[in-house]
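Here the structure is laid out as structure tokens; the discussion comes afterwards.
Each chain carries a letter (A, B, C and D) given by its place in the written order, and its residues are counted from 1.
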Amino acid sequence: MMLKTTTALAAPTRRGFLAGAAAGGMALGLGLNTRARAAEPKKGGTLRVGYTQGSTSDSLDPATYANDFMFATSYAVFSTLVEIAPDGTAQPDLAESYEATPDAHVWTFRLRDDATFSDGKRVAAADVVSSIRHHMGPESKSGIKPLLAQIKDIRADGDNVVIFELEDGNADFPFIFNDYHLTIRQDKDGAIDPESRIGTGGYVIEAFEPGVRIELKRRDDYWKAGRAHFDKVVLLKVGDPAARMNALMTGEVDLIDRPDLKTIHLLKRNRNVKIHTQNGTLHYTMPMQVTAAPFEDVNVRLALKHAIDREAIVQKVLKGFGTVGNDHPIASSMPYYNAELEQHSYDPDKAKHYLSKSGLSSLDVTLYTADAAFNGAVDASVLFSEAAKGAGMNLKVSREPDDGYWSNVWLQKPFCCSYWGGRPTPDLMFSAGYAATADWNDTSWKNERFNQLLAEGRSQLDQGLRAEIYGEMQQLCQTDGGALIPAFGQYVSAMSTKVQTPEQVSEMWDLDSTRFIERWWMA
Amino acid sequence: MKTLKSAPTTALLGMLILAAVLLTGVFAPLLAPYGETEIVGVEYEPWSAAFPLGTDNLGRDMLSRMIYGARNTVGLALLTTGIAFTAGAALGMLAALKGGWTDQALSRVIDVLMAVPPLILALMLLAIVGPSIPNMVGVIAVIYIAPVYRLSRAAAMNVVSQDFIQAAQLRGEGTLWLLRREVLPNISSTLIAEFGLRFCFVFLFIAALSFLGIGIQPPTADWGSMVKENATLITFGDITPLIPAAAIALLTIAINFIVDWMLHRASGLKS
Amino acid sequence: MPPLMKLIFSRLALGAVTLLAVSALMFVGIELLPGDLAQQILGQSATPQTLAAFRADLGLDQPAHLRYLDWLAAAAQGDFGNSMASRRPVADLLSTRLANTMFLACYAAVIAVPVAILLGLLSALWRNSLFDRSVNVGALGAISMPEFFVAYLLVLFLSTRLGWFPTLARIDEAASFGDALYRSFLPALTLILVVIAHMMRMTRAAVINVLAAPYIEMAQLKGVPRWRVIVKHALPNALAPIINVVALNLAYLIVGVVVVEVVFSYPGLGQLLVDAVASRDFPVVQAVGLFFAGTYITLNVLADILSILSNPRLRHAR
Amino acid sequence: MSKLLDIRGLRLEAGPMGGRTTILHGLDLTLNRGEVLGLVGESGAGKSSAGLAAMGYTRDGVGITGGEILFDGIDLARASAATLQDLHGRRIAYVAQSAAASFNPAHRLIDQFCEAPLLHGTAARAAAEADAIALYRQMQLPNPDQIGFRYPHQVSGGQLQRAMTAMAMACRPDLIIFDEPTTALDVTTQIEVLGAIRDVVERYNTAAIYITHDLAVVSQMADRITVMKHGREVETAKTRQMLAAPQEDYTKSLWAVRGLKRPERSAPEAGPLLSMRGIEASYASAKVLQGVSLELPRGQTTAVVGESGSGKSTLAKVIAGVLPPSNGVVVWQGSPLPGRYQKRDRATLRHIQMVYQMADTALNPRHTVRGTLERPVRHFTGLRGAALGARVNELMELIELDPAVFLDRLIPELSGGQKQRIGIARALAAEPEFIICDEVTSALDQLVAEGILRLLLRLQAELGLTYMFITHDLATVEAIADRVVIMQQGRIVETGDQSRIFSDPQSDYTKRLLASVPQMDAGWLNGVRQRLAS
């Protein structure tokens, strides 16, 4: 349907796995209290949230989660083995600690003994095994299935130890378990009941109308200290941006995601409303498939890269909620960011120059777009085509229906709009979308040098060399790659001034990486 | 000319507005101060000498977009309605004239078509064929064939029962001739009146489709999507979206004034 | 009156056939839609084998006509199956939303129909008066505004400015009837504004049309006061077209409210259908689609029957 | 005798400012209590408008622009709406031409009867109903106790007309306006209605204005007659006087209609042009023709006479091939014709032409005269260009219309008579041998009708045409028919040469039919009623 920005369908796996591995690598088994604390949280109050997404087809089955609405629910009602802390480090959650064999082939997770389900039963190893298995095997249609392929075997060792055997060593393995798919459910003779409402999270479900609302009530016997402050939480699906903003201004909801950036400057004027932004690694891309004409010519790609006015897009589309991109997916906030690279900017003459180098006098290409790709993609495309005119190119904007965008346009059309939730490290980012072998190499870009560097980087331990390697890879992306990356965006949400957030929030995804329900509170 | 003189002021006013809009559409490039999609300023600039109606969410000149919008909105709506009427009227008259099986078959198909909610039909069809402008025109036309068919069938029924049709049939005239020369001229006034109304519905329908995201493609300026693009502003009492909306309303009212008058004349001719 | 009965039965039979045709049409429509449920749910994560697994699991691997016939057989026994997406029985999925839609439709209708007819009568009574003209222009203004825009305006003035009514029409089993009325006032009002014009204009036209009949002159020459001429002599003979336009608009109130549902995030059937189409959830599309078609057909048959009953020529045989 | 109604210098004008047309130029009328005044004239004479004006009522777009209408001293021309509302139905009542259209189909007769008494407070419901039944009885309506509880469509035209008169009587008004109350009726029913009306008017000594175009009828009803033409009074006189010695030429010309006589003709050439054997035909389930057999002699006029429902028009449809017979066969010049016109060859289609009753619906109002005529000429004769134009002009000459004036007019711009002539011309365009004339004159004024009949006779003489002339009007039959076929309820009751049928009719029905034709003699009605009664 039109208003559920179908990004959601794409979202989980695109930005899901391994997100949040910290810049400094990993800190195994660190204590829980290193987090910077804000003004002391206060219990009580009801939080009403207006959500863009949410669909009548939503269900509690963790294998089918498709949108923010369910992600947030999942984190509130259930919990995961590992959580990513606001500072980006991985922290044990249901797990009390975990350790790996030196070759990182075998991982042993020890469960905490005080964690209980809402029906009072203690969390046992069997629960974990069945919960993970639910996403594996031929029948599984879980979005996270591809990532669990690396698991050779799971077994429970006693009641509170779970052992994972992997195909190859993977030092980043624990990060997987932050994913909302991998919430732990109750085992019933070897399997979980996916629709069961019994979870280990801070809240229990009072009412659930898929695609309409869900009402949550705090568990008084929640085992995690210093979390779950709201007494009640109501998530409402409010598809229409204007309706969301109205609801916030009339005080019918306390928090909305994705306010309409067009009018956010007007929303700001409201004294009872505050705008909340998170930087993170989210960025918008316009992948050109380098296997398709005319994009197989690098000069055409460069011409287009110089024919887009990135400033204008940041200002007009993102309304300043973002920074210009430089045609590679590494955010300035990330490690190994290559600051030396000269910034691509709108330069008609250069564009014309490259165009003539490619032997073309003029260029006629179609850019396929939809606001499903990212909020404002259509406007951005229009801006692009306007700017391109200046460089003597005819860029036709074709607006596609929001539904089915990811199945019918992305990876299908030679030149379209897309986005990446981003990855915490260059290695993960590049392997996800730029490696020759990546499922989602949406530019079909296969640069030998680049892929060779990627392999080296993963095994390389010397920070200096790593910096060089990733620096060069960024440069290769920028000058040769097929992805036109005009801007890095911010997650923007708006909330009543009553809603309090910690000083440091997890920035990977919107709203404290969608763990806001148990982390935030009412003044 | 004589008939024009007898027209009530409302109808004259209506024609005036309609003519104005049509002319604006035709001469858009000459009238518009800026290009249709040209970005000429900061977004949401207030009204000024440079931008008489301010600028929109991308900093395009509202006035220019309004002027081009006249061309696209009215043009497309006209085209769509035109197609729907040609097909619908032809089939309707045929059913009325032939009666029997032809009538049954056609009418049943139309029933089915009408029983499916139009918006859903549009969503499905557009999802199938893809939301390009030609496709949209086609789909909406198909949807509007149904009501037009019913109307023209009903109107034609009154005509075919009259003796001059029998006279022509007894002469051995062909179907096409009967439809074109004997029936059509007698239901044209009814059809024209209906055309006016349908025309309005059509571009409201286009507006609704734009609202649901599958209407006219950007950056093309049409009044419907212009309302949609700037609709959220209304929340804050900014009147920018009111301008295209007002334009739509004005045109609709104008057309209906003309239609009312035509209906009046049509009924006058009968009695 | 057997002839009347025969007429009614034939109408009903025809309705059933139409319904069948509609279901087939919708099925074909969904078949033709790009992508299927599996793709929609798996999104980009779809790998060939997961897709295959999922399809097999949903029975999407079976040939289309078989799936349709299976569905038809079940539906004939009143079993509309389960939603492919959420695995919940379609019946459950529909029940609450159906109630909501009906509630909103009735809400709007109860206000719109009498008001429209009254306005129609009055403007026919004071034809070409200032009242007539202003009502007419007002009505035109109302229909000429895009629905969603009318909605936004109402929200702006009645909600954000005056704060009289909520912008989100949330109605849940918890809400009392009064509550529900209050919360869904804005969507109802929007719908009212949209449908009233059409009905009012038709009423006026129908009545005025009858006013030309000789028996109206006769009534006047019997010294019958004007209002009585309209109500007692004109209205009964203008009923047929009025009934029809009312039926048409009632159908619209139930079927055509997607946009309004979106703006007020009202949990109605339209939203459900649009969702289902988007996710190619065939059983849901069918159930909702058929319900809509059914409503439309029933209302039309009803209208036919009523206009037959309103016509003494047909009601009392010679 | 005291004056009840006194109209002085009444002017009526119609139409918008500018293009106003005058309907009445200063009409004077007086009417005494209990007197019946006949208002006679052709269509457009303004008699109906005058009648309505006598109630202080004008139709939309018509306005009283001068003179006064004194009803019992009250000037209705200037009376307030309230006053008029009070008078209408209570002291002045109206009986319309078509009762079928003037009764509200949605209400029962008796409810409509009671409406006026209740509104004017002259009687309570029960009393009103009792009175209604009493009046129905006086009007000799069949089972008067129940008939009132029927809906209009359940009652026949003649009965409706009487019920309407009863309704007019409801408040015992001082004055009733009868606007062509019997024009739409068959002659046999007309008699009953006329009788009933006259009785009740006499009984309550109600004054009345009786509007009609039929002198024979008015002479039965009226004490005085006023002849009108183009909104002006031509002459007024006591009925007998008027009948005996009309003063004005126009009045005389109205009488003259009866003067038309067909030329004596030699006996028909051997062999009928067209014959029918055992024709049966039905609409849906209703059988309309049962075993009709007859022969149409070449070059002569056969009149098919009958009242509504006799099946005479259906006969025409069968011959034309519009309604294929369920049984029996139509033989054209010795060879049987296919039942459906679609199956007939162009030659046959060409030689059998029709002229319709309603010229308005028989000609496409969106065509010009030229268009209407050129098409069939080209279609049947294949003429093109100059030849075509010449032929069309020729046709116009034949029907005595000036091509220069009429060819480029639109059909609606023609008068009724002119339209009918174009209808005939269209038939002639095919150069047929046989023309079916279906009630071609019944919608026309007598003078105009006479013109058409003369034309048809002339054409027959010139072109040797064969006519089948369908009509209900015996005067017309007398004027032009060689042979006469009398039909009743789908059967032929009598056939014969015209002179014979009129001089000594065999079947009772024929006798009654002939007897029912109004005669120019004030005593006629009484006479007939006594005869029919016995």
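For the reader, a short list of remarks on this structure follows.
One rule holds in what follows: contacts are C-beta pairs under 8 Å (C-beta built on N, C-alpha and C of every residue); 3 or more make two chains touch, one makes a residue touch a chain.
Chain identities (UniProt): C = ABC transporter permease; D = ABC transporter ATP-binding protein.
None of these values were measured; they are calculated from a predicted model.
Pairwise, the chains sharing the most contacting C-beta pairs are A-C.
Ranked by separation of Cα centres from chain C (ABC transporter permease), the top chain is D.
Averaging Cα coordinates per chain places chain A and chain C (ABC transporter permease) 41 Å apart.
Centroid to centroid, with C-alpha atoms defining each point, chain B and chain C (ABC transporter permease) lie 22 Å apart. Chain centres here are Cα averages; for chain A and chain D they lie 88 Å apart. Here the CA centre of chain A is 45 Å from the CA centre of chain B.
Counting only residues that touch two or more partner chains, chain A has 2-3, 242, 246, 249, 403-404.
Within chain C (ABC transporter permease), contacts with two or more other chains are made by residues 33-34, 152, 155, 160, 262, 274, 277. Residue positions 123, 127, 212, 231, 234-235 of chain B are each in touch with at least two other chains. Chain B makes touch with chain A in their complex at residues 37-39, 43, 57-59, 123, 126-127, 130-132, 212-214, 217-219, 230-236, 238. On the side of chain C (ABC transporter permease), the complex with chain A involves touching residues 33-35, 38-47, 49-50, 53-54, 57, 83, 85-88, 93, 96, 152, 155, 159-160, 163, 166-168, 170, 172, 262-265, 267, 271-272, 274-279, 281, 284. For chain C (ABC transporter permease) in complex with chain B, the residues that touch the partner chain are 14, 17-19, 21-22, 25-26, 29-30, 32-34, 133, 136-137, 140-141, 143-149, 152-153, 155-156, 160-161, 205, 209, 212, 255-256, 258-259, 262, 270, 273-274, 277, 289, 292-293, 296-297.
Residues of chain A that touch chain C (ABC transporter permease) in their complex: 1-4, 6, 9-14, 50, 55-59, 61, 64, 66, 138-141, 143, 145-146, 195, 207, 209-213, 236-240, 242-243, 246-247, 249-250, 252-253, 403-404, 406-408, 410-411, 439-440. Across the complex, chain D meets chain C (ABC transporter permease) through its residues 55, 57, 59, 84-90, 93-94, 96, 98, 101-107, 115-116, 119-120, 150-151, 153-154, 167.
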